[in-house]
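Each in structure tokens, the structures are laid out below.
Both complexes below contain chain A, partnered by chain B and then by chain C.
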Partner chain A sequence: MQRAPWNRDRAQAIIDEHKHLDGAALPMLHALQHEFGHIAEEALPLIAHTLNLTRAEVHGIVTFYHDFRREPAGRHVLKLCRAEACQSRGGEALAAHAKARLKLDWHDTDAIGSVTLEPVFCLGLCACAPAAMLDGRVIGRLDRARLDNLLDEAGR
Partner chain B sequence: MSLRLYVPRDAGALAVGADEVATALSVAAQRRNVAVEIVRNGSHGLFWLEPLVEVVTPGGRIAYGPATVADADSLLEAALNNAGPHALRLGPTAEIPFLKRQTRLTFARCGLTDPLSLADYRAHGGYKGLEKALAKTQAAIIEDVTQSGLRGRGGAGFPTGIKWKTVADAAAPQKYIVCNADEGDSGTFADRMIMEGDPFVLIEGMTIAGIAVGATKGFIYIRSEYPHAVATILAAIGIARREHLLGTGVAGSAYDFDIEIRVGAGAYVCGEETALLDSLEGKRGMVRAKPPLPAHHGLFARPTVVNNVISLASVPTILSHGADAYREFGMGRSRGTMPIQLAGNVKYGGLFETAFGPTLGELVDEIGGGTASGRPVRAVQVGGPLGAYFPRALFDTPFDYEAFAARDGLIGHGGIVVFDDTVDMAKQARFAMEFCAIESCGKCTPCRIGSTRGTEVIDKILRDEARDANLALLTDLCATLKFGSLCALGGFTPYPVMSAVNHFPEDFGPRPSLAAAE
Partner chain C sequence: MEQPMHLIKETDYGTPAVTAEKMVTLTIDGFPVTVPEGTSIMRAAMDAGIKVPKLCATDSLNAFGSCRLCLVEVKGRNGTPASCTTPVAPGIEVSTQTPRLKQLRRGVMELYISDHPLDCLTCSANGDCELQDMAGAVGLREVRYGYDGANHLDSEKDTSNPYFTFDPAKCIVCSRCVRACEETQSTFALTIDGRGFASVVSAGMDENFLDSECVSCGACVQACPTATLMEKSVIETGQPEHSVLTTCAYCGVGCSFKAEMRGEELVRMVPHKDGKANHGHSCVKGRFAWGYATHKERILKPMIRGKITDAWREVSWDEAFAYAASEFKRIQAKYGRGSIGGITSSRCTNEETFLVQKLVRAGFGNNNVDTCARVCHSPTGFGLSSAPVFASRMKKRLREGAKLIVIDPRRIDLVRMPHVEADYHLPLLPGTNVAILDALAHVIVTEGLIDEAFVRERCDWDEFQAWAKFVSEPRNSPEAVAKISGVPAEAIRGAARLYATGGNGAIYYGLGVTEHSQGTTAVMAIANLALATGNLGRPGVGVNPLRGQNNVQGACDMGSFPHELSGYRHISDDATRALFDSLWGVTLDKEPGLRIPNMLDAAVDGTFKGIYIQGEDILQSDPDTKHVAAGLAAMECVVVQDLFLNETARYAHVFLPGSTFLEKNGTFTNAERRIQRVRKVMTPKNGLEDWQITVKLAEALGFDMRHEHPSQIMDEIAQLTPTFKGVSYEKLDQEGSVQWPCNENAPAGTPVMHIGGFARGKGKFNITEYVATDERTGPRFPLLLTTGRILSQYNVGAQTRRTANVAWHTEDRLEIHPHDAEQRGVRDGDWVRLQSRAGDTSLRALITDRVAPGVVYTTFHHPDTQANVITTDFSDWATNCPEYKVTAVQVMPSNGPSKWQEEYQELSARTRRIGDLAGAAE
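The block that comes next holds the complex of A and B.
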């Protein structure tokens, strides 16, 4: 996923686009992350000023939610479901395989910035478990062969 | 008449190749130079058969599945042959036993219609509930919902009509309807299915709720893990606005009502209603103490109805068919139907809407067909990550709020996750504590810290370190979590942990490998 480099004016424009919404912080943060790939430190004072919050409050919001990244992710983000329904179909063994092949732990990005491995707790695909998501694309009935294909795809 | 096929657009079908199958069918049709219309419907919820391809015939829809891209040519051939023989042919969709045995009220249209066709929605009974509601007084609408016996389908089971009446009776310049679509429980996907497969029913239900309590604005808080549901609901809201079914003067009436979407950000605790309200307000999703109730002091401190997707989506059928018709289904104080979700290691995984009352054993063994792995069923977790693990010995428990509570469990949002005999219940108990530690909002000490300590204590038990003392400590810690937490995350984490300890004590004994090493 190609993301734009940090641009203060663009960031402020995104923040302004969302400031009229009730409870604007989350829509704003989602939009910023969509544009830049993560929530840069430089964005926090802009949000704080616009929403009349302290910078500490904005920091608190950003760090509360698992979705918001503080660092850029790899070009691909592979999310593997760790929740119970996927566990019952061998999800843990698949996660161990992915970690071993990528030499990564959860939340890590490989050295060449090609893939970030993340846990997810339920994609609602529990009747076709184990499930995964690669760059927003949903994958069910995951097995070792399909996972290897995804890892090949993500490694590029 | 051109050939008409249905291939679902539900994320559960997409995850196993529905888009690829639809494309392959369309390519195959072009190659043969035949006209084919492919409708992207919601899922019927028979996920072991997805991607399920249906062929429209004068005698009804004929199902084929699970289809792959490689089947596209032969499937089209069979379809053109009057929906004729094929290795994947399942016969008439409506006659598939898993579907035929259901009582589909809330999910009546899901799988049958094009989710974003308002004409299709209306042709299958849509907006009849709103029409009936508009002919009644606000109090009479609430009375219908109360009389139907509908209880919150998110998990808490609170009577919906009483909640609505509380908000209706509160005087305020602004009131809100908040739809909780933060369906985070593993093993559940009913909200996702209805939002992707029949979004107008949710919009209609929220509109009726808004009219009944005097709220002009609604929010749907959808989890970010459901991008397809977000897209479908957004599109449906756009259509409803264009058709004046949302906005000023809903459906030509004097009532105003509109809906906005907010997307969550990966925090499980935001499925708890007060944390959800804080998150909607743009804050950290911290749980609030109750009272004040959200019905009095909810979103932006205004009176707010917070209902689950399925509760709201059940309202149109209650209004259109009458409270008594809905109430006739069910048992005891659990009235109407419940979309039960069979998930995990189960042969026939999917959504099974039925009146309350079937036993857990019937659901798992008969409807679900046992495990997908073919091994014996050892445990099932009912009601998500905060629900208890049930052993086979308790499979006579009827699916009913009170019956599950009487056995130290909960039905929650209706998810059943099946495990075979390879499951290690101590590991499951450890996971419950770990999950609580990851997802705790941090407000209550027992939940914030106790969950991490709980994980450590279970690790000690597994290493056979002062096992009896640590089991006693774990039991004590669970009691502290249960009684010392504001919400169900800390309060209910003891259910999976203690049910694993109590029903599967053999898994908490000395590890065989350790015993052998001694």
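The block that comes next holds the complex of A and C.
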């Protein structure tokens, strides 16, 4: 997930591309995250000015959604489901294993920037719990071996 | 002092009142209640005297439904709906207290309290905490979750705002502050950061309050149910024990406040919910900036000196009065009766103003009385920074769909700010107001947009036709005016069509209109527009001047002008004068006296030698500072009555320490002609109320105008002034406020003027020819300077500079367009020299495209800047209102303060010395 470095003019151009939409803030944020990999603090006043909102309002929108990142993620993002169904199917132990192998806590990225570990609350795969998501791809019936494979895939 | 009232706790109905024709009857806890359709169950219950527990609801804000404490049961319906968000319905039977509700509410409170510090005894909100009240109301006895779980108790307190603190550890995330910032204040500076348990209130982007978009109006503090947002004064002092209702002394909105007191100590000012001008809201100045009353620079003892270069000598009141009186008498004996005069203040009460003009007319025996209303120049642009509470309400209307046209040389905030966007901004060159207004009229007339029925019924048709012919001339067309004003013709046409056809149209204007050589013409041109489109004489329309100072209206009403007695009656009218003559036992002069500029001219010429100035700093606020200084310096006895040794006092021989609005009784009249009580909440620190000082000065002069209480002065005003005939303190105490005219025809006052006809007969159309000001740009002075105000400061800043409001405005800056700055090699923050034909000053530059190329702008809150050193003495043809808004200037880089400023600093220090001992010279 290599992303472009922050560029104010590019950010404003992306914002302007979406300003005609109804409820333009979310599409703008998605597009910015797609371009830069995260929503930089500097982008918020640009959105606020374009949409004639306050900084506070844009801050409220961004912080409401966990999936808008405020810092760059690793090259790979592994999300482990922490919701009830997955917990009842061994999710807790898998989470502990992932944390131990990566030496990471939730929301952290390893020092070389290869993996970010995140909790997620329900991927809609309760029937094949426990579930995970690697770089947007959902994986069901996770076990220790498959988790290790995923981490190998991510270069760890 | 006024009889103290108990601490006023206004009833909180939980949700706003609803107006609806249809009434609905239901029963709540067995009691029948009838309320307007659309009312919430919570409010209906409160109407019946039944309090439903609540935390996130308060009647100044729309229902939100988040705290889950106000749940009720409705017979036959499922679940437990929130009573704040559920409207009443005919015949429903509501229960507010059932075993099920009791259990639910206790459960909710347990969750709140499991994440709340248990320091009630030492908490600043102790005695005024809704969370504590609700814990009691639901019978909370234990918290089954304990206190060891995840919590916010270690959150850091934000103390950055000078007036209040934000302590997130005590926050219950009810969102009342966030909603107050949006709904009450229209600023949107607060939000909820995150979601679920992680939710916290955030100013801006998790900034501290001072750095955020917050304007410190305090609406959030007032809305907070806990100690999360709390006045620092309450933290320091403790809870108040009684309140006194009074009126703010800052701007012309006239906000009604509860002064919440502990003995004679002011704990906090809280806007009064029943205040008809402000409906429970206020701005940073009124609510918080009252610290000047106890500022160490306030002068509390009378002082005199023979020469202005002498040190001041503190004397007794009697000595000060005797000295001033003997000087005035000596001067009149030597130079004639007309050689002295007086100036009334737009900041003092009606009663005080009335007494000063009475002293001049009846005591001095001439009509040399004038007021700073002539030179009041508070507002920026259209006055919204100077009338913030009005601005909040206007922005609310704009969010609800009202359209907006802004005519201002600068791109002021209102042109585009969060949730507000003007439909048209006409960025005219300073000095071209009348041309633009005539062009608007041109479009309205030539495109057939006039309200002919209104004009035929309410105006003189022939006069209208003459005016219509005039404005229709090609030189008044938008295309012609575009060349003079710099505003594109299409924008003028669009704005004119919108005003004429957009439904109810109201015009609000500030001193951007009046402070021009054609100020009076512009006001007439505005009236023409309103008449031609039928936008007068009913709610929601009209022509509304926004007054900068609290009592500009009152000062004008009270006969402060040299040619007018109270109620705008000409001094030459024999019948009117006879009325005053018989009551005052004198014979008034029938000739109008001198205006302020004429007094100064006469002083320079040597025929005017003494002046009594109450509560006005003419040296700093009047144009052409050097001329004012020369005039004052030529006088032999200048008596200044003020809180501080202001700029004018540097030229004074007698200083009479004044009292603040907290220390006296009286009335102010706001911009909507609303007369409101000012009540004394503490003993004057200087010993006398301002009106008493005038009475005693008169007495020393041998003129008896004794009064025991300002109510008697109002009785005299009522007796002498037909439009005030029905006004009395008794009525004001009863009604809260009254809008004049108040007399036998309108015993309850007159909220809307000109209904069904104009007081002076037919509406008058005036021919308003545009005449360019004599102040022109040229090669030496190629830029146009215009001056204004900002929100956190007031007038010349004498009060606000002596409060923590300086946190928002530490210095005056010169706004200059990037193009003009680049041409002159000026960078942002550089010192620049600002020079006009009249003088020069230095200040730091602020580069911004808010101003157009060719236009520069500054404020004048700080005496070090002395922007008026460079404004000229051109003034309006009809009123002598000085032309602050247009001065041709040049700007060039400089190294720091100008020679004038350095000399001034030195002189300022020298003329402000107060001797340590009586008579101690250097």
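Criterion: the second predicted complex is superposed on the first by the 155 of 156 C-alpha atoms of A that agree within 3 Å, B and C clash if a C-alpha of one lies under 4 Å from a C-alpha of the other, contacts with A are read in each partner's own complex, and residues count from 1 in each chain.
The criterion applied here is as follows: contacts are C-beta pairs under 8 Å (C-beta built on N, C-alpha and C of every residue); 3 or more make two chains touch, one makes a residue touch a chain.
Since the structure is predicted, the reported quantities are computational estimates derived from the model, not experimental observations.
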item	value
Contacts of A:R69 with chain B and chain C, given as first, second, both or neither	neither
Touching partner for A:H18 - first (chain B), second (chain C), both, neither	neither
A:G60 touches, of chain B and chain C: first, second, both or neither?	both
Touched partner set for A:H30, first chain B, second chain C, both or neither	first
First (chain B), second (chain C), both or neither touched by A:N52	second
Touching partner for A:C128 - first (chain B), second (chain C), both, neither	first
Chain touching more of chain A, residue-wise (chain B, chain C)	B
Chain A residues contacted in one complex by chain B, in the other by chain C	60, 64
Footprint of chain A on chain C - complex, ascending	187-195, 202-207, 212-213, 416-421
Chain B - residues contacting chain A, complex	11-12, 14-16, 45, 47-48, 50, 183-189, 191-192, 219, 224-228, 260, 262-268, 279-285, 300, 341-346, 349-351, 372, 381, 385, 415, 417-420, 423, 428, 431, 435, 438-439, 441
Footprint of chain B on chain A - complex, ascending	21-27, 29-30, 51, 60-61, 64-68, 83-89, 120-129, 131, 133, 136, 138-141
Residues of chain A defined as touching chain C within the complex	41, 44, 48, 52-60, 63-64
